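In structure tokens below, several structures.
Shared chain: chain A. Partners: chain B in the first complex, chain C in the second.
Moving on, here comes the complex of A and B:
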């Protein structure tokens, strides 16, 4: 049974100009212990999906879904109190800009201790204080922080971004969640720090069998790490598949454009050559095109693209395109 | 931290010297100044030195040293101000927090409108209304004074609530009740303006903090709204407004002087106003110096206290150098 099962999730946002469908019928399934990457441009609704998953929503959002289950918990029907119990135990989240996500006027050690659930405490209440401290130290060791004394006594502004993200991860895994949602965990970090964080996530996945939903815009770095990749554009899922399928044999023009936009240093460039990319920019949510939302920017768009393509599935590789790339003729049925 | 401390103390010293300078020229224009030898500077230094030693001159009306009179009148005023500030924090912090959390909600609008009304009511008028209704009409509180005239409370510290401890055990309780019931009305009236200030500033600061990332992150950790507010929001929203609330002390002290006349409160305000009527320039000058010094000291102390309890303030300090 899948750990996470989302079917046809739609998020509508009330804006002064009317309702806007920011996420349009997105389906997502994750097995236990899987690393899934959710890739898309900024503004494509990937963070919205994560927020809807954790229930940190705003009153102006309407969330509809046919199904949204985490294990045997129905996320759609939770009361606030039940949801608080699920958060931390079953599902945890880490954010981008980690230094702004830690309370600036409290010591880091205290904040980690706060995240440790007290139900699995051992010994009497008089040992609770010491126990929590030990647990917090152990958590810091787990995420690869050696100098725990110094880190626990520092305030967030005294730590680097990478260290803050490690602290955030330590807090997220304190309740041993089954699913860890990482919302662009490495944005605005140096390459070495970013790769450290990604390696750490990979290690957690292997050691604790924690499923990780990795939200990012960098397709190439994620392809080694993630088991499966979902590509999202303007709130619509465009391609889903195992990472070698999506990266090595992409069917959707958007995925293809994403891959080719990253410079490949194996071939020589012309001097001042432009990077290949799609013309235009991501449309504003108020002015979404009908049908396939990539339509106006797509190099292969034809008349048929004004009707929205359904997700087609070939050998576990799903794509939503009328004119897919890299595919043998006989598979593209005459429709 | 030490550097910050020194800078604040520096500010205190310089402001004190400037106030003394103003008082010095004020005194030079009056002809009561006892001429000493030397130029202005040495006269000024002697003046400051005398003030620092508590030698503020002798009142021309009562013939007592001004410093002794200050010592006997100031605690009554401070008692009033402290209790008003205490009340304004007790009332203002929960209301300000509520108004800050419920952003764009009728609760916020209600609290802020009531605050605006409270801010714009003249203090002496509110005092008179309350005396008329709750004291004369309903008889809930005494009309004026600090305690029942039958009681004889020793002046040890000058703060009535503390001085009660020196009474005989059986007299302590009724004396304390008398003091508290006399204190109630003036405190209530005096607390109105600082309460509105606390609510206004805290609600703004709270609304800012509640939109920060770490509040959202705390929500995803499974904390309830109450836990988020008490553990993370309040201790980030409250310290930044403390220095500006410390500045309110001067405002409150001025209002306390007006109220002392209304409530016949034997404090420094009533004493100063009667000195003005009697043209007792030495007393006016001494009182002014004392009040101004008190306001600066309070401001510097709140500032230092904020830096002590709030690490972000310390970071700003380090960032300056």
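Moving on, here comes the complex of A and C:
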């Protein structure tokens, strides 16, 4: 049974010019112990989906979904209080920019201790004195911080980016969640730290069987880590599939552009040649084009693209495009 | 001398206060020398805190070097001589959103360097602004816009235009490309490459993205704790990295994650 099952999630935002559909009928399913990457550029609504999933919403948002279940719990039916409980126990989130998400006025150790739930304490009351501290140390060891004394006594500004991210991950896994939502975990980090963090997430996934929803704008670094990838553009899901399907045999022009526009190591490429990329920029939410939202930027767009394409499924690989790439045409043999 | 930019034994020391009277000297950049020819790009890579941004700032004349010289076309550049320096070296800052003044329109942002550094009349300035806007792929009307009306890619183009408007020889780029979205980033890189081919501008850029470094640069400078540990042509750097740090960086990038 799927751990997370979201069907046709629509998020509308109230703006002075009227309601705007920031996320348009997005479906997302995750099995237990799966790593899924949700890839999209800024303004594509990927963070909105994560926030809707956690229930951290603003009053101006209207969230509608046919189905939103975590295991056998229907998230949409819960009261706020019950939702908060689910948040602590089953879903945890790592927010963007770790150094700004930690409380700057408190020591890191205190913040980790605060995140440890008290329901799994065992033994008598005398065990409680040092228990939290020991747990916090164990958590830090788990995420690969050796010098726990120094880290626990320092303030967030004293720690490097990578360390802050590790502390955030430690706080997130304190409640042993089933699902970990990581919002841009490696953005603006240098290569060595980023690969450390990715390895840590992979380890957590393998050891605790935690499902991880990775949210990022960089398709290339995540393609090896993630089992499945969903590509989203302007609130519409454009391609969903297993990692090797999406990266190796992408059907949607947008996925293709994402893959080809970053210069890569493995493929020989003329130095200082012009990079292939999409023209134009991401449309503002108030001026979304009708039909396929990639339409005005798409090199293959034709008249049919003013109607929104439905997600088509071929061998578990879904894509929403009228004129998909890399698809073998059926050969009609005459005579 | 054939070299456009020649940096010799450049260092910058910062004093960190430790208590009331004691202070500790700390080298942000330490004894760095390199050369750069016309129309070439130099990539500065290294771990965070290794002094990449400090070096970029010293080159652009924002910070004062403690010792060492910077020669452009064989002439030494002094700290504080902004009129001469900004016609030779210009800088694009990390974040275009915060480096553009939200209260003045694009036309004023672009004409400010002209007003301060050249003797052009108002009309000539206007013409120059329009010409530069067209050069970076924007329209004449964008001069009336305010920064908040533009998308992040367009803001980055404005930042490039501001650097270009005094037709400098060298542009220093401080990790400004990394923060952009992938599809917009490709456009900006293409723009920079085109400009380099047309006007033979040299770039000095700080980056973490080795794929971009390989694509865009001619020489690579690897920094560690303020020191330059490796300086060699890009081809050689990627095929035979010498220093242990460069090998580590390359390995980490090549399999950022592999199962």
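General remarks:
Convention: the second predicted complex is superposed on the first by the 322 of 335 C-alpha atoms of A that agree within 3 Å, B and C clash if a C-alpha of one lies under 4 Å from a C-alpha of the other, contacts with A are read in each partner's own complex, and residues count from 1 in each chain.
We adopt the following convention: a residue touches a chain if its C-beta (ideal position, glycine included) is under 8 Å from a C-beta of that chain, and two chains touch if they have at least 3 such contacts.
The structure displayed is predicted, hence computed values, not measured ones.
For chain A, the partner touching the most residues, choosing from chain B and chain C, is C. When both complexes are overlaid on chain A, the residue A:308 reaches neither chain B nor chain C.
When the two complexes are overlaid on their common chain A, residue A:27 makes contact with neither chain B nor chain C. By the touch criterion stated above, A:274 is placed in contact with chain C alone, chain B being left untouched. With both structures placed on the common chain, the touch criterion links A:10 to neither chain B nor chain C.
Legend: residue contacts after superposition of the two complexes on their common chain; A:217 is shown touching chain C, with no touch to chain B. By the touch criterion defined above, A:106 lies against chain B but remains apart from chain C after alignment on the C-alpha atoms of chain A.
Contacts of A:87 after superposition on the shared chain: chain B is touched, whereas chain C is not.
Looking at the shared chain after the overlay, A:56 reaches chain B, while chain C stays out of its contact range. Looking at the complex, you find that chain A touches chain B at residues 54, 56, 80, 83-89, 92-93, 95, 97, 100-106, 114-115, 155, 157, 168, 171, 175. For chain C in complex with chain A, the residues that touch the partner chain are 47-49, 151-154, 178-179, 181-187, 189-190, 193-194, 196-197, 208, 210-212, 214-216, 234, 248-249, 252-259.
Against chain A, in their complex, chain B makes its touches with residues 212-214, 216-224, 231-232, 235-236, 239, 310-312, 315. Residue ranges of chain A in contact with chain C, taken from their complex: 41-42, 160-161, 188-195, 198-199, 202, 217-222, 224-225, 257-258, 261-265, 269, 271-279, 281-282, 284.
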